[in-house]
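Shared chain: subunit A. Partners: subunit B in the first complex, subunit C in the second.
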Partner chain A sequence: MLESSADRTPYWQEPLPEDDELAQQVAHARDEHLLVDARPPAETNSLMFRAMTRTGPLFWLMVLGLGGLTFALFATWVIQMFYGLGITGLNRSVMWGPYIVNLVFFIGIGHAGTFISAALRLMRMDFRRPIARLAETVTLFGLALAALFPLIHLGRVWKVYYMFPIPTQRELWPNFRSPLLWDATAITAYLIGSTLFMYTALIPDLATARDHLTGWRKRLYGALSLGFRGTESEWSRLETLSNILSYIIIPVMFSVHTIVSWDFAMAIQPGWHSTIFGPFFIVGALFSGVAAVIIVMIIVRKAMRMGYFLREEHFNAMGIFLLILSLTWVYFYFNEYIVTWYGNLPAERAILQMLTTDASPLFYLMLFCNIIVPLGTLWSRRVRTSLPAMLVIAVFVQIGMYLERVLIVSGFLSRNELPFNWINYTPNWPEILITIGTFGFMALLYILWTRVVPIIPLWEVHEGQSRQRLPRIGRAIVPTRTEPH
Partner chain B sequence: MAENNKWTMIVDLDKCTGCNACVVACHAENNVPIANEEEVIKGRGLHWIRIERYWEGEYPDIKARFLPVFCQQCGNAPCEPVCPTYASYHSDEEGLNGQIYARCVGTRYCGNNCPYKVRFFNWRAPEFDEPLNQQLNPDVPVRGAGVMEKCTFCIQRIQRVRQTPEGDYGPMTRDGDLQTACTQACPSDALIFGNLNDPESRVSRMLPNDRQARLLEHLGTEPAVYYLKGGTTNVGE
Partner chain C sequence: MAQEVLLGLFDNLEATTAVLRDLERQNIPDRNIEVMSNVPYAPKVLGRRPTRQWPFLPFVLAGVLGGLAIALFIVVITPRLYPIIVGGQPLTPFPPSAIIVFEFVALGAMAGGFIGFLLQNRYPVLVRQMYDPRISEGYIGVAVRADDQAADSVADIFAAHNAHDVVREDAARYPVQSRRFLAFWAGLAVVGLLALLAPLLLTYNIIDIPWFNQMRESPSIGFQEGPRRAAPAESIPIQGPVLINGQPATEPLPASEESLQRGQLLYEVNCAICHGMQGNADGSMTKYFPEAPVLTTDRVSGMADQEIFMIITLGRNRMPSLAENLTVNETWDVVNYVRALREAGQ
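And then the complex of A and B:
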């Protein structure tokens, strides 16, 4: 006889064991693990939706402040278009500066999003569930803002369509031998891919939001959720599509930062011309990206009171991830520079000398931020589960990775084959304002986004919780995941 | 079609006195804007040909070495493939690196990839103070802000010769009829210009030469500029 689903206990009402000791273990596991601590979906949904629809004065103050920074970004850009790039500090040797650094940096922080949601999804790492969308949002806005920088960087941005492969009366196709076009292609592919990926995972949550909210939100989510009703066939299609997109987007992610690194590695500029740049840049991207996601997690948890979803276990897992990435980055960095140092070519020797003399404050600060801070602290679980400590470490990693790119782009360019052309670079106000403005713009987009979509993937959390059981093995309760297949 | 030319410059370092006449001539011929003091301090000095001055030895036993550097018109130029818009392209007919200002969007990738650092960016709209604005060369466009520019081997003079009845895709002009602004101005005959594909030309007769070397030849850029090593130009003795 078939069992009626109405008779079955829902997963969030698993009875406690009668044995006191076991009950204590269950209570402990519920404290520790989000997926074991199932609550009725209606409760967690409304937790999320309340946070989404709450916009206090502090929120609007933040919007105003960040909006001001955004205005500074675009105003400076307009001024720069009007007066020419002469208002920056760039010179005839250091022709690429912070704009290209920002391009690399913002694409870099985007890499963690895909890695966390796609790669960890395929590896069935459950700690990613509440983090996935936070990270994907970093990807989406990081990429979108990174795509601004090739434009801000251009001498004649109004002629940008010369680089598009579109048929025009010029009858001249762009030059696909140029790494810049590979770059544009890769970024476009990644932006489209990650947007689709994010949107796919959003559909069930948008449908939930449509069913729970009213007013303009209901109309918006009604349109965006594409009529998702939660039938068995819809879920199974969603699962298939998410898996396909995960497999597609991982190679795209690897290709993007490899190609960004080729902007440098394909050039014959000393210090750039290195075969290791592809994987080196990918590790650096993941490193700064995971740190960016940690910062966002801490802010979202605090500002939106998401303590139920983002727990110590998640910060612990992300801390371990960051530690591993730091070690990997150190390995690549050492490998890159020991070879250069031993090779002892004159121009490259000048670059290494520049790092330890003219640029030494930046160089040593970078090593401190990227090596000493993470490796010296993250081995401790107490540090990894302390939010203030994690915030400080993640900010240090961001500073370190930003400086790494500054040294590679404008640092290396200041030394080249003919010593007559060795010119140091100092940024002028437009680069500084545009860079700060971009961080502000990124934060602005992010906080507005958290008020428009459920920033925690509710259905992923519910799915994880429904697959979690607490079987008893001997005298112990062992949280166990059941697989549907 | 005329056979391809291979325009070549020979720089005799023994003859170069570092007088900078070539620099001035180039500015006048090619409408090269003059960077002011402030810009030069920022590292934005803009000269299609420049005299690099290197000091050898310690004071008082010190010698000055002069190295005129301009676009080397590489046969295998690093600046060409990286340009996304074909603003930097190769002219097989003349054996030159062309730079089409109108196509340039200002990514400055060519400038990064040039090991000689002879590509210049127009950081601002060019200004020519009185009376320099009265003597702009009508054969050469004035480049606007946001565009890369570089030495062209006075392509406008090459074109002018080609467009005469005798020169128009027929036999090329005789050697020496065609001078770039810098070779014309060089008082010590340190700069010699000509077509290497013409066996009768002066450059063909001078090459190969015991003293010849090309700048940063190990990079494989195949420059069209040959330097004749100097050893006796000792300023300050």
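And then the complex of A and C:
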């Protein structure tokens, strides 16, 4: 095509083809794909901003309920500080209980965020566009909450500085070479990196919000958007910076969960001391992380009426992603299992036995949630595009992955080389309340966040829309992406 | 000649590129033209030369070096200031050091790139800028800085291409961003450094405050240091042979008639096969335990009760421990009987 007819009108006003049949195909493609269903940015912007500023009674009710859970978390923590860790069910052998499970779990769901944003961005997967920020937010709060758990687990939290590798006159020098130091370093690096990554992509949207909102919001967004106007040079620098951050943050992301796994694998505790733990944890993290993003997508779509942005195609893509991750997880789990089983060392035999006896309900439920549910359903497009089904599956995966960590942390610890030291673990109320409270806290932070930042990256959606065309190939209209770089 | 700034808003790319072409023909220098849009358009798309930008590399490299410096401080210098050997490893072993170095270098690179981004864009912008909120609604803005004469022709060009709207103002109202923003970052950096430095000064004892330290002040009690306390009333009673400092923790039983009777019975069951019915080392197993001694010797009668108790409980050389066969009291019965053997033999 020599004549670019499309560009004489804005990209959101492409005329329908004359031919009836083709026009119908175009209409159908618009129904299906967000990126060819361009609407005036003024309209999509206000769709987002209306949802952001609307805080109905239901919203405040949610805030109240989740605030209650958050209160339960902190109140329990204070009580636990007062009476000591003795009020938990932790014992001599199982000294790492749900607190460490939560640490691993929340770092885990924090993984998908950056992966979806950074990796899919570099691979130019367009389905990430409306999802990216939802996912990054999961990362941000997941990591922040995960960082809470070492503190909760400490008992005397005011002595936390004893752990820092900072020698003082207390004449107590922690081990500078301990995996816990690697862990703290990696999580900090990842948290800061993710924040920068998220903020970079947020600047243009904050500028848009500055232009279209009033009052305190205008002032806030005006300050945060730093004076962004969308000039060519600003865009090109933004692009370069996003690429740089993406390339760096992917290896950091891999390092984080590998190091979390090393917190376990570096100990000679049977069941933990395994070379495959690093990649195994990463896959598990991505698996639960993608499931978490799916849950968030569904809730945001329903609660904020984001049906325009989050469409079946996105759930479909995420469903496929989840399916692949489930398969990968199965592969790793089996790998881990068979080596242990074949080795048949006494202590590890005791662990495998524990899985099928004392802990068998948890073990089989985990296998059901992580294998049977996703592998049995996600191959079907009908399931992947049905929101209720996806919600149920994603929740199952969360349960399964939570149980997996429970078994690895408090399960494996209950069996060791010294049979007199085999102590099963049951949680007491503090752990249960703190865990539930944390989920509430996470949800609270999330819903407040959705009212403060545009949770869908508007400019990325608009960018994608400005680059999609619907050329005719033969008798079919085919969405095509252009790459004007 | 007074300078003016003009902003034309267009709703499509075709018009924008036509305007840019015409501006170029009017010899308006490239650096005086800015195109603003709500989505990134590559310079190629707009028919403009690629935007000039400083390379990011120096910033990223500076960040890398900064991260490296922090990492090396943690993995090389700190362990030497306060050396503790762990696991027989050198003070700076490679694998853990590599991890710390990796994380800090990555963090430094990201932070460096981000700082480069902020500085190149001269963020935060503290001056008035030519802008229109409609740009984030999809209009493409072309801002041109020109003297009054050229400004008129620019306005004509905008009009000729159906500009949606044209804003025309005195350039004096839109000063170029000065270096004030640098002062902003410098101030922030100073505050940040101080916040970081203060705890470090305390940490590394450059400012030394004698903190109250419970752990150091608590009384130190040596291993097994006395006085021994009596066992609490609710403690579990001792069953079976318990030895403290190699001595039985129980009292011998008096050598009563009953004790000797029980002792004989137990001796015949447990000991006689090796030591013989009368302690003469002629039991049925002597063939295999030729070294099993006679128990009526002076040697044995010279032994303390405790010693015999210990031999029975712990065994000795090839004599097996019989702790599992005999309870504590039964063992004392046997001890009494062994003592009685010699009198019986005489």
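Quick note on the criterion: the second predicted complex is superposed on the first by the 467 of 485 C-alpha atoms of A that agree within 3 Å, B and C clash if a C-alpha of one lies under 4 Å from a C-alpha of the other, contacts with A are read in each partner's own complex, and residues count from 1 in each chain.
Keep in mind that, in the parts below, a residue touches a chain if its C-beta (ideal position, glycine included) is under 8 Å from a C-beta of that chain, and two chains touch if they have at least 3 such contacts.
Here the structure is a predicted model, which means the values were calculated and not measured.
Undergrad: According to the contact criterion defined above, which of subunit B and subunit C contacts more residues of subunit A?
TA: Subunit A has more residues touched by C than by the other partner.
Undergrad: For A:Asn316, decide between first (touching subunit B), second (touching subunit C), both and neither.
TA: Touch partners of A:Asn316: none, neither subunit B nor subunit C.
Undergrad: Tell me which partner A:Leu241 touches in the superposition: subunit B (first), subunit C (second), both or neither.
TA: second
Undergrad: Contacts for A:Ser274 in the overlay, against subunit B (first) and subunit C (second): which applies, first, second, both or neither?
TA: neither
Undergrad: For A:Ile423, is the partner it touches subunit B (first), subunit C (second), both, or none of the two (neither)?
TA: The answer is first: A:Ile423 touches subunit B but not subunit C.
Undergrad: Between subunit B (first) and subunit C (second), which does A:Asn91 come into contact with in this model arrangement: first, second, both, or neither?
TA: A:Asn91 sits against subunit B, while subunit C stays out of touch.
Undergrad: Applying the document's definition of touch, where does A:Gly193 land relative to subunit B and subunit C: first, second, both, or neither?
TA: The second partner, subunit C, only.
Undergrad: With the two complexes superposed on chain A, say which partner A:Trp459 touches: subunit B (first), subunit C (second), both, or neither.
TA: The second partner, subunit C, only.
Undergrad: Kindly list the residues of subunit A that each of subunit B and subunit C touches, one partner per complex.
TA: After superposing on chain A, subunit A residues 172, 175, 177, 181 contact both subunit B and subunit C.
Undergrad: Provide the residue numbers of subunit A that touch subunit C in the complex, in ascending order.
TA: Going by the criterion above, the answer is residues 4, 7-12, 40-42, 45, 165-173, 175-177, 181-182, 185-186, 188-189, 192-193, 196-197, 200, 204, 207-208, 211-212, 223, 226-241, 244-245, 248-249, 251-252, 255, 259, 459, 462-463, 466, 484-485.
Undergrad: Given the complex with subunit A, which residues does subunit C contribute to the contact?
TA: 11-15, 34-46, 48, 50-53, 56, 60, 74-75, 78-79, 81-82, 84, 86-87, 89, 93, 96, 99-100, 102-104, 106-107, 109-111, 113-114, 116-118, 120-121, 123-126, 129, 131, 133, 135-138, 200, 202-205, 208, 210-211, 213, 215-216
Undergrad: Give every residue of subunit B touching subunit A within the complex, in rising order.
TA: Checking each residue of subunit B against subunit A gives 39, 42-46, 50, 52-54, 67, 69, 78, 81-86, 103-109, 111-113, 115-117, 120-125, 144-148, 216, 219.
Undergrad: Sort out for me which residues of subunit A touch subunit B in the complex.
TA: For subunit A paired with subunit B, touching residues are 83-86, 89-96, 150, 153-157, 159-160, 162-163, 172, 174-175, 177-181, 263, 266-269, 413, 416-421, 423, 425.
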